[in-house]
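Each structure below is given as structure tokens.
You will see chain A twice below: alongside chain B first, and alongside chain C after that.
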Partner chain A sequence: MTQYRVLPGPEHFLPPSAASMGICLPNPGEAHINGVIVPEEKAYEEAAKQFLMAKVPTIFPGPLVLWAWNEKAAKKATAVRHLYNTLKECAQPGQTPMLIPMPDYRPKYPKINPEVEINPNHPNLTIWHNKIDCCMFIGVHCHQANLSLKIIRGGTSCYTIAMCAQAGHEDAMLSFRDASVEKIMKLAEWVRKLKGTVQPRLTSAKSGASN
Partner chain B sequence: MADTHSVIGTKNKKGQTFTDTWKLMNEAPRTPSFYTGSEVIKEALRRASCDVMIAYPITPQSEAAALIGELFAEGYIGDYFRGESEFAVMSQCAGAAFGGARVFTTTAGPGTMRAMENFPMWSGARLPIQMIVTCRGINSPLSIQPDTLEIAYLLNTGMLVWHAETAQDFFDWILKGYMVSEEPDVHLPLALCCDGFFVTHTKDVVNLTPADMCLPPYDPYRSPVPCMDMECPPVRMMRDPFIMKSNYISYATHASWQQEVWAAVERSRKHTIKWLNGLIETENTDAEVIIVASGTAVSQGREAIRLLDDEGIRCGLVKVKALRPWPGEEIREATKNAKHIIVPEFNVIGWLAKEIKATIPNSERVHAGPRVCGGMTMPPEIIVSEIKTLLGMRTMSLAGRGS
Partner chain C sequence: MSKERIKISEDLYDIMPSDYQDLVKSATYGKEDRGWKDIGNSKELIEQHSLCAGCPESMAFRYILASLPNPEDTVMVGSTGCTSLVFPMVAVHNIHSLFGNQNAIASGLKRALSVRFPGRTKDVVVLAGDGATVDIGLDMTLQAWFRQEKFTTICFDNELYANTGGQESGLMQKGFVAKMAPVGKLFDKVRLPEIARESGCHYVVQCTVSKPSLIEKVVRNAVMIAREIGPTYLQLYTPCILEIGKNSMEGLQEMRDSEKPTERFAYKEYISEPAKQLLAEVTAKDKEKKAAAKQLASQEA
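Up next, the complex of A and B:
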């Protein structure tokens, strides 16, 4: 049993992949929080809490939900929009929910515009610029999501959530697997359910733009 | 769009029924058949719902590659052609896999070495290609005979590496291999190795699954990377590579990418254990002497154990099935009681012994040998002799000048 836990950073100059530290992915019906396998229900609650505590809770939708390449993707996109709207409705003064897309995976040179997009090759720039302290990846191809999650953990203090359509992500601090429209809607329900019960943090990410 | 689960129970154009792989491998009736290892590769591939096989002749895999050509002629393989060289074959395999095909190829010895540049590229691009490696000598002077040195080079490519002992392993693992390497959290190429000639050119009884049942097709939409797109990494990186950008984050991205490949190797552990019923097999691990081996060295070890048993000497066995993912924890546990760990190998450098030494506590217990190479056989008597010598017992000389 590994003692390693997947926690907000900044962790290291080059943090290890969580898998190499012995963190395993959840089985169907499960999720993980900080690398510890938990029942999925517990993860909904924790993810909703993290969103409600954050000063800048942010959803990063990737190409698999941004483009209506099949009916399921279009429905997921609608559900993501619903979750974002729920975050806005439940936000308290001082909280600024954001929805920033990851439209593709090309490195953006000479410089990404962090106000309009995030990129897996330098995701920290978008995190820092917008002072994002909690984010959720959805619809990002697994390899690219892991790339981003590791870099974010390495250089920022942002809390990361993955709503993965496949097997989940150990490099996130909290990960669902087998993401569906129903699961996204359920997370939105949990956010609404916990509204007013969670005290928002007053400060943003330690390694935000000020760092 | 292919959907793996929705086709279960339906038939392909050859009348084979797409079957749940767990049922196919564990519940379907088996027919004993007397085949060479090369013929077994063909029979496994008949059932693999393979889209593309690319071939190039090099002993001892040429026969298998030719037999798969017959499968193509019969309509069991989507496409089949000969590349211009092993390097070309592996590059063409990448192209087919980038496009979303289930891909198969075979190679051996110097061919493996010639194509080597492609293997880390396959892993980095997360291409679940299956490559059979029928190991043979790689060095000058030329040898086509069994020798497992090439496996040492494959171990750090980011590929999954399995080492089959028998033709039965080969048949089962070709089919199971796709199930592991195509998992979205793994999605890596698999080098399925065997000892050339010993496995490929000898006949053995192999229990085959029904020929009218086959694997469900590969679903490229579960891939952790998009299908080939010139605007997407990794293809995009060929013209906009990280190496052209001299800044911390470019290097960090590449580092994170490499870590992700090895994370995927780690994730394959769970799936490999499920499909291979463990990364190792063990016998008598309470014995003071344990043989740890892979490939046909396991078979020679079994015979040595039988000979030792006749003399009242108890000896255990660890068969290492998967080399990547590496079964470090399993080997530590299986050898915790051993005073002597014997590692017979068919190569000059003893790569397996080195891996084991780096894994277990008190590594002075590892006896790196006996080793043979260049096509030599490994009589079980030499394993017996080395064990008896280690135990301080008298042993017959096995080499002489014929006097």
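Up next, the complex of A and C:
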């Protein structure tokens, strides 16, 4: 059993992949929090708490939901918008929920405008620029999500959540698997349920990792 | 094959950066007669680029991207060099290969696409500099032609390694002294168009990019012939104005000077017999379409 935990960074330049440190992916019906496998219900609660605690909770929808390449993608996009609207409704003064797209994976450096989009090859720019302290990836192809999550863990203090349609992401601090419209809506329900019960952080900066 | 496959999810449309919204609204994906005249009237498939001001390569990119007959179903393969600075800003699927193996990558890609999408036309276009095409990647370039791989190879010939400060390349002209080749080139420019013809290319053109209508014609021909018959090759002069001591606004004149009949970039074209037949058929079909459209218009009037 590994002692390694996937915690908010900055861990260090080029952190190890969590998989190489012994972190395993959850089975269906499970999720992981900081690399520890938990029942999915617990992950909903924790993800909702993290969103409600954050000063700038942000959703990063990727190409798989931004582009209406099939009916399911369009429905997921609707659910993502619903989750964002819920975050806005539940936000307390001083909290600024954001919805920032990752339209494709082209390494657009140095042309990227970090205020309005995120790029998997330098996601830290968008996180630093907008002072994002909690984010959720959804609809990003696994390889690009892993790359981004590792860069974020290495260089920022942002808490990362992955709503993955496949088997989940070890490199996120919290990861769901088999993402669906229902799961996104359920997370929105949890956010609403915990509204007012969680104290938001006063600043966006958090302490470093303790691995 | 059309814009129908390129749609933004309605609920997230407003958060998409404007360049993506413009691509969906006014780019020429799916337009049958797309060409260089669309530049200025529609969203181009190249966003800003990071080349030097006045670089002829940027003109070449704009004309080529405006002329691809089927951009939504085209994959471009690039290689190391100035072109690799541009591909991240291009709205056509593209792959960056290792320096020199672009034609090997394109061979595998073309075959894989034809297996994966048997009922759909997928074009593959290699676009690399002279170092990648003629020096480091000559083996891969030639082997792809020998094997009659069905894709187009475009070489941006700037006659040296511009991206790294001006080293000698095989396509540099004899006697030329570059910043990092002070002795001067001791042998002639490699005659790749002739080699391409002898290696089995069905359509070979050497020209400059001074005339957009010409680039449109040769790019369309090259892609159509590669799709149906076999390999095609375009060698386009895109001078590096920095390395030959010119100013930003002098690139076009440099190309015009170099394409005069006695100069080294005088227009050269080779078309194989099967390719000639194909082009004749395409031209006849185009004429028929135009005549039908004209007739329809006159009836409506």
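Convention: the second predicted complex is superposed on the first by the 204 of 211 C-alpha atoms of A that agree within 3 Å, B and C clash if a C-alpha of one lies under 4 Å from a C-alpha of the other, contacts with A are read in each partner's own complex, and residues count from 1 in each chain.
Everything that follows uses one rule, which is that a contact is a pair of C-beta atoms (placed from the backbone, for glycine too) under 8 Å apart; a residue touches a chain by one contact, two chains touch by 3 or more.
Remember, it's a predicted structure, so these values are computed and weren't measured experimentally.
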Which superposed partner A:Q166 touches (first chain B, second chain C, both, neither): first
Partner chain in contact with A:H143 - chain B first, chain C second, else both or neither: first
Touched partner set for A:N113, first chain B, second chain C, both or neither: second
Touched partner set for A:P61, first chain B, second chain C, both or neither: second
Partner chain(s) touched by A:L25 [first = chain B, second = chain C, both, neither]: first
Partner chain in contact with A:R81 - chain B first, chain C second, else both or neither: second
Which of chain B and chain C A:L99 touches, first, second, both or neither: second
Which partner, chain B or chain C, touches more chain A residues: B
Common interface positions of chain A, toward chain B and toward chain C: 106-107, 109
Sites on chain A touched by chain C in the complex: 61, 65-69, 73-74, 76-78, 80-81, 99-101, 103, 106-111, 113, 116-117
Chain B contact footprint on chain A (complex, rising order): 14, 16-20, 24-25, 63, 70, 104-107, 109, 120-122, 124-125, 141-144, 146-147, 150-151, 154, 166-168, 170-171
Contact set on chain B toward chain A in their complex: 1, 126, 183-185, 187, 222-226, 231-233, 236, 240, 242, 245, 249-250, 252-253, 255-257, 259-260, 262-264, 266-267, 270
Chain A contact footprint on chain C (complex, rising order): 5-12, 15-17, 20, 47-48, 50, 87-89
